[in-house]
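See the structures that follow.
Heads up, the next two complexes both have chain A, just with different partners, chain B and then chain C.
Presenting the complex of A and B:
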């Protein structure tokens, strides 16, 4: 218990510090502590349900709608976060979650629009297509690392841009562009069939969909794999000390490749959740740097699947609630600033380790 | 048409050249810099915001300082905090992305960009930064290959313990290289907002920082190579833009998106073709300096 608290301290400390820093920033820039408190409360209600309004006799929608938005964002963050985290555990830095998510999203949009199947089958097929596309896109960097010694950070950065340029500047505006009728010429692929949409969990009231269940399941499976299976143990051993793992007979190269495949598949699934859950087609641009958010989630979650899930639920919520801060003159990207600062603070791990050793002295009094 | 092409390269290339040389300096000293994008953004915003209050040339200096300041944070995290250098760089990118939006909203009440400012004056049809971008690669090449500082810089990226044994402070040397790298990235960003355009726009630098990293790798971690690759990428881009207006038929055969992906794909191909172990990356790249190690 003490040990897991010690492990989580840098993340918790970083999140609290950056929340506090941003609170002060709003108070200074927007005229007072009162305004800042109101703005932050509005963000909380927008994130986790408007409880004051609910207890005043509001409909359940005032809880379900914000929770649905939060869960949608959290699902995406969890999947990309797990993608980065799983690569981390074998000692690889997958910066390419963004590119893998893009090809995964495109695969979901294409299969969702081109095929007609009964609903559960169609959704499954789309998810499989996305996971495969993401995994194959991550295979390149893994092979380059294994056989050419190319650092995965460089190759995945390059592949992010290759995916972005090819998909958003060519495929979506060219060959895969939706067939338009009349004057409504919009970039983006055709609408997916209704049978490919992720099922809604709370009816029409809220956008809450099955994506969050998929994300939670992925986190639990990954946690079990890493903590209870020989293969998962090997991944962790290789991540900790590759040379020792190799010397004890583990196949380092093969683990690199299999972990990258899983990592790419998870990012691809993130793309599927984005398309099948909210967008319903590949739009002209997916806009946000979801893959980079995954890096933040993986690190704030300390590379632990359940930690990634927890931080994704928190930041997914803050992002959904962030739109309500606009009423107080704060841009809706504010939660991303909180997230970025938290990541920067987590990066200063040495500082936190000194602090945690002082607060919770390790056994043996070292 | 060729002259028009040259003109647009001279306008577009400097930002990429500065940033690529900056990235090269940091990495030659052994500190990974994938935060170039964020440092450029800081420079672009700083220069534009400052130029509202003061003459634009001074504003550019503020942009340089902003880039250097962000780089100092990166340096502190990597060198004194011994953070993972890639993590720190990516964190800086994310923070700068959000901070730029936040400050735009807070200071100018506009999510799109700052109000227009006066552009840098033009010398012989181009901003002074263009001419600086032509000279600088040679200056940095000389400094890196022919001066004691350059020798130490290269050594600290290959075998920092050896440099320490020589009596040189490894941490100070690396800190300086990273800050200089950020100053150059900031200058590149400032060029975008004061010479290419006349304001800071929220999308800046739109991935140029990552392209600078690609140019550095493509140029095999040398100042002249990085600058050459940056020029090559900028030329390719200018050619694409000019073809899209002069020969639209060609772009139906080769789509724009394919051309846009080409710099990154080419860098990958170059990396894939090299023999394993023949990488020109500095040997101690990415490793925190530990004085206890031998």
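Presenting the complex of A and C:
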């Protein structure tokens, strides 16, 4: 535990540094430190609950609504972040979380609308469908890597576009488009049945739903797998030193495939949470680069499942709260700026470590 | 201008032909140039690679450098080529000391080197490879037609039969080597170092190489040939420098030498090491019958329980591949492989299951994960079994326990099972690897260069572990490039030369000179 805390320190440093940098930027550009403080406080309240208003006698909704928004965003970030992180740990770079999320989302939308079942069963079925779709979508690159040596970065990037074009430019606007009746002419697939929606955790006042619980559970399961189980140990060994892993009897190729399946399934689940939790249909377009945000979360979280969870909770919150900064003349994409800066700092540290290893070789013989 | 030419600077002249003419002038007798390496010493950590070595190279000479692995031949030339900085001594041209700190410095002084492993870009054409680093440009962009015509001129000038437009990866190895040489000549070098140039060539290609190089040297090019192959050295060189353990021990004329006399100079007369106690060989653990795999050809040998079989040979004669076959990292092409009662090719997993332990040559690549803790590394290979696992779960207590015991019994310091392995010194890492491999109670231990790069205390520790294991009835295959180590530990020695067994000796018959000759392919035993 202490060890993982120490591993997390550089990322925490990067995040704090970028927050500070952005704070200074707001202060300089928007007329003073007090404005910046107000803007950042507004972001905090927007992210984690409007406590001043609550203690002023506001309803619990002033806490739950922001929390719901944060949790919804954090759940998606966590699942895609875990997807990228698990591939990282076995030494693969899955850039395809976006594509896997898209097919997962479509699977959830289709199963959610096609049948009507008792709620727990229906939700489970949708989740299973999404996970399977995502996993199968990642299987192709995994097999290509294993048997033909095709680099997964290339194949997964290309499949991102295949998924986007196939789903959004054809299926959703074509064969799977909802049959419009009367004034109900929303673009996208048919609305899912109520039984497929993820349970709301705080009633109708907030969009807080079970997606965040799923994400937290996934992070914990993955953490236990990597740290406590022999299989996870093998994945880590393969990711760190593939030749040594092979020489000690591990099946490197098979682990590539199983890790990619898990990676794809997690991204697919992200798609399910998006559809079953908030969208309730596959919209005309998903629009946001959730899969690519996952790469940022995996890097900032240092590939550690709990690190990914922590950074996703933070950045999910900042994004939800970022909209409130607009009142202070700060653009709502500001949290993404913070995220980008933190990512840059994490990457810079990795580059620096590599460089200093090369420039200053470790002392001592052999 | 003349100044620049005299010290070998390839000037950025407008016309390439003038540059080529200047190479001819340089090669002529007007610039009789002598390169002297004076009192060069070089250490790597505690190991002395070069010890006060002096060597003079006269214009147009063909000097051969011979010696065992690690005798310092390549190190000496790497100093000349600017890859290593000497700890003491200097390089002088015509008596004036010069500083060569990088290969670029060496090239401007007219010194070029062709390495055993080529430095070509396979997807580029011959012409592009040759001009790489000094590309002709036209309006700021690469001028391919000019590169082609320049390279064509160089090839014609020096008598090389190469198509400048051919893609390098479509060429044979022999032609690729010619590209390397043309590359050096194109830069206007007057001294060319060839590091084991024939290691990768067929005999015909080697003959052609020597014919071309001899012609160039007749025109004034100085050639340094690093080689293990005594016959080619004797026919090619005009002077032979023999190196042994970092020192130049002799300079001889080929006309006064024979392969046997050279081999003796290279190996020297060492007192044979004290024999370990008599081996008590038991049942057969390893049998190879007419085995071929990769470069290995028709290798037959066997290893019994309770004995150490030493594999001797010059680097790159199939020892590595033999170790890979035994540990399941390489499959058998033909012949019979029987290990611990199991016949046929192995995989790393099967090898471990039937009791093969492995101390690989490259520890950091094949034996350990430096980012893992000491304990995690101890479990590698047996991580699925007790005491390291409990079903599918890692048994942390069992692992800690076993790691503590192992660190204690093999004196791995610091005794800190949770430490990152990379924080341990090389010697302690190796002791841990040896301990881990022996802890699995193997029947066969394949040890490749197990003491390379270790300090003396660690060398002794590792060697005594091997002898202990043998005493307890284990079979050991010891691959080492250090003949002294092989002779100190082995009960029997098999010598590999070009993938074949070129000699086999019982301990009573150990004779360094004879073994040395087998290693060099001079004599078949």
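Keep this in mind: the second predicted complex is superposed on the first by the 338 of 366 C-alpha atoms of A that agree within 3 Å, B and C clash if a C-alpha of one lies under 4 Å from a C-alpha of the other, contacts with A are read in each partner's own complex, and residues count from 1 in each chain.
By definition in this document, contacts are C-beta pairs under 8 Å (C-beta built on N, C-alpha and C of every residue); 3 or more make two chains touch, one makes a residue touch a chain.
Fair warning: this is a prediction, and the values are worked out from it, not measured in the lab.
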- Could you look at A:229 and tell me whether it touches chain B, chain C, both or neither (first, second, both, neither)? second
- Task: Have a look at where A:118 lands relative to chain B and chain C in the superposition and call it first, second, both or neither.
- Result: neither
- Message: Just checking: does A:334 make contact with chain B only, chain C only, both, or neither of them? Give me first, second, both or neither.
- Response: first
- Message: For the three-chain arrangement built by superposition, which of chain B and chain C touches the greater number of chain A residues?
- Response: B
- Message: If we overlay the two complexes on their shared chain A, which of chain B and chain C does A:343 touch? Say first, second, both or neither.
- Response: first
- Please indicate which partner A:237 is in contact with in the superposed arrangement: first for chain B, second for chain C, both, or neither. second
- Can A:57 be said to touch chain B (first), chain C (second), both, or neither? neither
- Query: In the superposed arrangement, which partner chain does A:299 touch: chain B (first), chain C (second), both, or neither?
  - Reply: first
- Return first, second, both or neither, reflecting whether A:247 touches chain B, chain C, both chains, or no partner chain. second
- Query: Any idea which chain C residues touch chain A in the complex?
  - Reply: 45-46, 327, 329, 347-349, 351-353, 358, 360, 364-372, 376, 379-381, 383-384, 389, 392-394, 418, 425-427, 430, 452-455
- Residues of chain A defined as touching chain B within the complex: 25, 29, 93, 95, 144, 147-151, 153-155, 157-162, 165-171, 173-174, 289, 292-293, 295-296, 299, 329-331, 333-334, 336-337, 339-341, 343-344, 346-351
- Query: Which bits of chain B are touching chain A when the two form their complex?
  - Reply: 32, 34, 73, 77, 81-84, 86-88, 90-99, 101-102, 104-106, 111, 207, 210-211, 213-214, 217, 255-258, 260-261, 263-265, 267-268, 271-272, 274, 276-277, 279, 281
- Query: Quick one: in the complex, what on chain A touches chain C?
  - Reply: 3, 228-231, 233-234, 236-237, 240-241, 243-251, 364-366
